[in-house]
Amino acid sequence: MNAMPGIFAAATGADSLLERWPILFRDTVAGFFPAPLQWLVGSLISILAIVAIFGGVFAALTLLERKMLGRVQNRPGPNRTGPFGLLQPIADGIKMLTKEDIVPRSADHLLHFLAPVALLAFSILTFAVIPFGRNLVPLELDAAVLYFFAAGAATELAIFMAGWASRNKFSLLAAMRALAQLISYELPLLLSFVPIIMLAGTLSMTGIIDQQAGWNFGFIPKWYIFTPWGFAAFAIFLVAALAESNRSPFDLPEAESELIAGHLTEYSGFKYALFFMAEYFGMIALSGMAITLFLGGWRAPLPFLEFIPSYLWFGAKLLGLLLLFIWIRGTFPRLRMDQLTRLAWKFLVPLALFNLGTAAFWSLTSGWSGPLQLARWGVAIALVVVPFVLLGRGLSRGVAPRTYRFA
Amino acid sequence: MTGLLIIALVTLVPAAVAMALRNVIHSALLLILSWAGIAAFYFWAGAEFLAFSQVLVYVGAISMVVLFAVLLTRHTRTDGGVAPDTLGRALAGLLIGGAVLGVLFGAVLSTPLPIGSKPAAAVTVHGLGVELMERHTIALLVVGVLLTVALLGAVVLAASDSRSGPEDAR
Amino acid sequence: MSLPVQLLWLIPALPLLAAGIGSLTPRSGRGLASGAAIVAMAISFLLSCGALATALAQPAAHLVHNFAWFDLGGSAVRLGWLLDPLTAFMCVMVTFVGTLIFIFSTGYLHEDANFTRFFCFLSLFAAAMLGLLVANSLLLLFICWELVGLASYLLIGFWFHKPSAAAAAKKAFITTRIGDLGLLLGMLWLYDSTGSLLFYDGGQGVLEATALGGLVAQTTIGGLAVSTAIGLLIFCGAIGKSGQFPLHVWLPDAMEGPTPVSALIHAATMVAAGVFLVARVYPLMSADQGLAHVPVHALTVVAAIGAITALLGALIAVAQSDIKRVLAFSTVSQLGYMMLALGVGSWVAAIFHLLTHAFFKALLFLGSGSVIHAAHHEQDIRRLGGLRGPMRATFATFAIGMMALAGVPFLFSGFWSKEAILHAAHNWDVSHLPLYAGLAAVVLTAFYMTRLVAETFFGSPRSEEASHAHENSAVMTVPLILLAVCAVLLGFLGTPAYPWLQARLEGHTEVHGHPIFEGAGLLMLSIVLVAVGIGSGWALYGRRPRANANALDPIEGRLPGLFAVLRARFGFDELYAATVGRLNTAMAALSDGLDRYVWDAAVRFLAALGEFGGVVNREADEDVLNGGFDATNDRLRGTARSYSAAQTGGAHGYLRTVAVGFVLLVLIVMLGGGV
Amino acid sequence: MLGSGLLQGLKVTAKNIAGSFHDPERLVTVEYPEQKTKLPENYRNFPFLVSENATDPMGTLRCVACQICEKECPPQCIYIEKSKDKKPDAAGKMQVYPAVFDIDTSVCMSCQICVEVCPFEAIKMDQVFEIATTDRFNALLLDRNQLAKPNSYYHQIHPTEAAEVDGRLLAERKAAEEKAKAAAAAAAAKAAAAAAAPKPVATPTATAGAPGAVAATVSVAKPATPPAAAPVSATPPAAAPAASPAQNAPASDGKAAP
Amino acid sequence: MILTPLHLCLLLSSALFCIGLIGALSRSSSILVLLGVELMLNAANLNFIAFWRYGPNPAAGTGVLFVLFSIAVAAAEAAVGLALVIAIYRHQRSIRLQDARRLKG
């Protein structure tokens, strides 16, 4: 109800047609309907667009991930289905759809069914507030950041439901692991972007992106990642996001080799595909959040590149982040449970708290200029690096690089 | 008005069912639904910040703690059968609860209340923040201290007494 | 480079920071602790120079920065910083001497296990001392004053494992505390009378005309003006801190501390705090000068105490054999000089002497420290000797310090400052007795310093330790040389021909000099007296050096009685032990006796009375009352049991009760028509 | 510093990602049905029967249906039926041949024991792995015709081993001939009943198997042993043909050896 | 009598409160009792919002702030309460509330 203005944000300004066409298209289609229904139609078009586009992204991402993992391991990756294996996602989808849906006899049937649905629903909910381009915000909320994480918090519940409903000890262990992990990493995730909210002074996504407009010296974008505290926050956010989306190296709840896929053990067929989809949607949503918070949203990195439509910039940044996620997955081995929680509580949380202080310093010294500007940078970088090094030393105390005698 | 009725339905029915179910996990999950309904009420009332806070805190955090507590305290004797005094207690509870309900309804219905006008502008997040930081600074600090103390207290309480803890917490 | 008064707090804050760092440094962090202390002190020195520049730009002004410390009902307790030439000169002196002594200490205490603690204390002392200097409030000054005392206590007792050091620390603390009581009383009285403790506050301060006028106008017991009484009470503090007669006894004992401590605290800075205090509150002290009817002026007392102390200290110093004790009594004597100067009305001469004395006395102490360090902690001059050869730098600088102290004419700073004091005493119209005491002290000073140098550096070594002595490292000699240079040059800041320092202190921007020989008679006299002192000293000790460590002192041979009295320091310690100590013991014994025999007996009697009453009562109770009480008790217990039955321990029950109670309450309200 | 190791790891994988595009050498896989990697020489999966001649595989099987392999096979996947008649083998000697020789590859566990026990170098391990079928039963039961592969094929897949085997057979054959000659000479010298002239020609084949069988129970991979052992152990077999020039001397020897 | 939206809100909250109360009174599992109490707390929060929304001064935001603090306190309460439940479970090997009655008078 309050969100209606967001749905009908007018495509204003002297943007190019390329920039405006999504909004124009929606408004035109909605225009065919009687006025009381227009908001509904408009919303439906937005929803359909999101589901279609990100469904496609999901499909492409599965292929991309497999291709890239193949390359990481010096393999070509899937290349049989269609040219260069491009039809692989379709084949996978058909396989998943036609598979037998098995539900254990002693499982909690209702919850077993609800878990993947809820998970997917919550992950798609998060897309509602991400600005995909200029004026391309499905839902313009005053407290959008809070909404995002409120919706994201509910995914933990779905994973717990899945694990518990399966009546399988591995699944239950996975559920408990998932709870512990998600709770542990919720904290650094939230703490990492508090500095941004502090500096931007708003919880609104568009507000945050507006704060990152412009360029320093004409070519360095005023994105938050290009500040010492912003960079640190971005790194923390990235690690926490990996953990929140259960991606390797934080895939303990799934942990094929330990828990035979954890909460997914008793799922097959399309329900399994839904889990899969939800995981990727979560990853995409968190990447979109990272882009919005740290990478200037849909803004172009250089002034002369602004002719490219904003949603393409968003897509490019999204692709970059997703590739980074895949790259990380292809590189790092899985953490142990104690390492996981230690990393969160003894490293990321204190670091994020320090970073809050750094951001406060940054905000207080915004008036400094000239040589003081250099001092500001120096102090801020020191405030980031010194806790990092000290905490890192504490974290890796007693852990020497391993030497293998027989390798 | 219909919105309110739907919200009431979403809030009350799961809560009522949750209180009647034997399975604690189901109860907890239903209660989470009920809490989400309360968040919807906040949203309906125009306090969207509060709605998201409610979801974040209740659905995101408290529910986790509840589920954890349930998992950590399974295998109780109550799992096996019904305690002998259950029926009596339930009846007493229903009776007293019904009495309270009646009293409250009577009180509410017999009170003439003003028909409030719709607020012109809902409170913005920014406004809330300013108010929180300016007028209610002390309260904010106190809540911060309270949360810290509660965190520490919870850790101390839940940590097992002996060093050989883990097998204790089955 | 100039430092605004608002930032004056930086000067004490830096050493405080260093002290904090030092306190947190583990024992192994020697470099960190000493480095932080020295760097902080050096920066404070630079800041002090800045402050001096600020102050000299407008020497007559008292730049202040006041702020409220905390609210006290209607009024607020206010503190503040004060910057005038007096503060600035003192700060520069303290930080400069302090820096050099810090550097010296790194060498002197190199082998001590508690190195970091030492620097922590030293920095704490420096912070407190500088805070005392920059304070614009008697309260802040008093706080720092006590902190200084604490630091002094800690440092005297630095080697607390030595019983003598621990005792000396206690003695110093308690003795100065007697004086501090006076200061505290004076402060309270002052606050009571004026409602403020700020020195300068734009016309509202206690040292400004309004308040002083009020103070002078009132009289108190014995016809004293209130200002006189307060001034004398404050002067009590100065007596304690500056080791004036009769509270001078702690100062020589304070030499139990490490020698750099003696140099910094008990020669150059802290003991001068008393002088500084009197100079700071000089308007208050001198407020009663214009009154003819008062029995005594505050400054007269100051002059008398100063004169007595000057003479006394010099006399005792003649017969001491510990190198540091000689210097300690010389300090007592010189402080007496300063007090004398204050008393006779020339506070600038006192400050001038304070500054020059700080340098050459620090030099002398550090020189003695160098000797002691080289001679493996042998401090007895009878067992030293012949160090001139192996320790050239130390000897040269020590000799310069000795000549400055003795007042060798023209070249050395001590001469000029002492001349200024003697001239002031000469011009005092109340009495010439202080002048005579001062002149006598001149002879004695020259004499005992000659004796000290001759015994220590001339002749041949009279002990194993002395014969193995060799020059110390540059860390220790360079500060000596720097101080020696200052000990020579500083005097030229205030020669009668060009009294720049005096003029600036008094707030003049231009300098009016006099020809040096304007009061040539006195000048000549003092030169002759110095010559007599040095000559007689050399005749007795220099020409025929002591043969061995056990040989009789020449004076002891000729005047054994006098020498014994002097060596026993006129028996002040024994006197105090016999009077104050005895009194204390007697009071304690009395209290003990009272407690044991009088109060205790009374209590016992009451107890016996009660017991008797009890016996009587019991007989009566057994039958009459008990039955009734038992019955009541049974009832009570039964009731309690039924109440406790309600405490089921089950939370459900409690909650149920609450709910039922709620329902009942609402029903009552509703049915009662409350809604 | 913390994280440096992580960055190193990322560098390695980044090199892999980029490198596999511009340098196909890095790719560890091949496009299988189209491309195939050359199997290592020692690769083996299921046994096959060696025949001397590619044109007439059934006629030149080395196997004499002695049935040792059938007995030794742990999962018992070999089934042999002896022929009633005899046929001349490669050396021209008359031998029994397997009328039926089946191996059930769904049971075979590729242990190679049959190869090790075979005294005639008649059964060897194959390298064919593309044996997937749509029939679970018949298609995996290989018969004599499917199993027989020529010696040249053996040379093709295990060149080293095949050359060694051929050399050994040749040497044995030679040794047997010389001994036969010597025996013949001795017999002539004794002037005993120098019976059949062609028989001594045939015996070497028979006797050649005997030391082979003895040696095979010890180790196949001891090419040096048989020539050295031959003169020593040749004595009883040398007597055997004299005592009983039986058709199945190898079989009886196989029994005698343990 | 007119049934205003405020009335409805209040009825909703009192119903929720009673559900929580009944749960707290009749369930034996301490966790569920705690959850019942939590529901009662939420019902109170609903009242704050309702009165804020329909009160004389909805622009002030006091009600929202109060509920915000209340949620924070509830979070603390839940954490400590559940930790207590776990502690009780350790001691009694049971989480039945009626088993934990060592304070019986």
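In order of appearance the chains are A, B, C, D and E, and numbering begins at 1 in each one.
We take it that a contact is a pair of C-beta atoms (placed from the backbone, for glycine too) under 8 Å apart; a residue touches a chain by one contact, two chains touch by 3 or more.
Treat the numbers as computed from the prediction; the structure is a model and nothing was measured.
Asker: What chains touch subunit B and also subunit E?
Answerer: Neighbours common to subunit B and subunit E are C.
Asker: If every step must land on a chain the current one touches, say how few steps get you from subunit D to subunit E.
Answerer: Counted as steps through touching chains, the separation is 3.
Asker: Report the chain whose CA-based centre is farthest from the CA-based centre of subunit A.
Answerer: Looking at centroid distances, C is the chain farthest away.
Asker: In terms of C-beta pairs in contact, which two chains are most connected?
Answerer: The largest set of C-beta contacts joins the chains B-E.
Asker: Taking each chain's centre as the mean of its C-alpha atoms, which one lies nearest the mean of all protein C-alpha atoms here?
Answerer: If one averages C-alpha positions chain by chain, the most central is A.
Asker: Calculate how many whole Å lie between the centre of subunit B and the centre of subunit C, each centre taken as the average of the chain's C-alpha atoms.
Answerer: It comes to 66 Å between the two C-alpha centres.
Asker: For subunit A and subunit E, let me know how many angstrom lie between their CA-based centres, rounded off.
Answerer: Comparing mean C-alpha positions, subunit E is 34 Å from subunit A.
Asker: Return the distance between the CA-based centres of subunit C and subunit D, expressed in whole Å.
Answerer: Result: the chain centres lie 109 Å from each other.
Asker: What parts of subunit C, by residue number, touch at least two of the other chains?
Answerer: Where subunit C meets two or more other chains at a single residue, that happens at 652, 656, 659.
Asker: Please list all residues of subunit B that touch 2 or more other chains.
Answerer: 46, 49, 53, 61, 68, 89, 92-93, 96-97, 100, 104, 122
Asker: Pairs of chains that touch, anyone?
Answerer: Contacting pairs: A-B, A-D, B-C, B-E, C-E.
Asker: Which of the residues in subunit C end up touching subunit E in this complex?
Answerer: 643-652, 655-656, 659
Asker: Of all residues in subunit D, which touch subunit A in the complex?
Answerer: My answer: residues 1-3, 5-6, 9-10, 12-14, 16-17, 19-21, 26-29, 31.
Asker: Quick check: in the complex, which residue numbers of subunit E touch subunit B?
Answerer: 1-2, 4-12, 14-29, 31-32, 34-36, 38-39, 42, 45-46, 49-50, 52-55, 58-61, 63-65, 67-69, 71-80, 82-87, 89-90, 93-96, 98
Asker: Taking the complex as given, what residues does subunit C use to touch subunit B?
Answerer: Listed in rising order, the residues of subunit C that touch subunit B are 652, 656, 659-660, 662-663, 666-667, 670, 675.
Asker: Residue numbers of subunit B touching subunit C in their complex, please.
Answerer: Touching subunit C from subunit B are residues 89, 92-93, 96-97, 99-100, 103-104, 106-107, 110-111.
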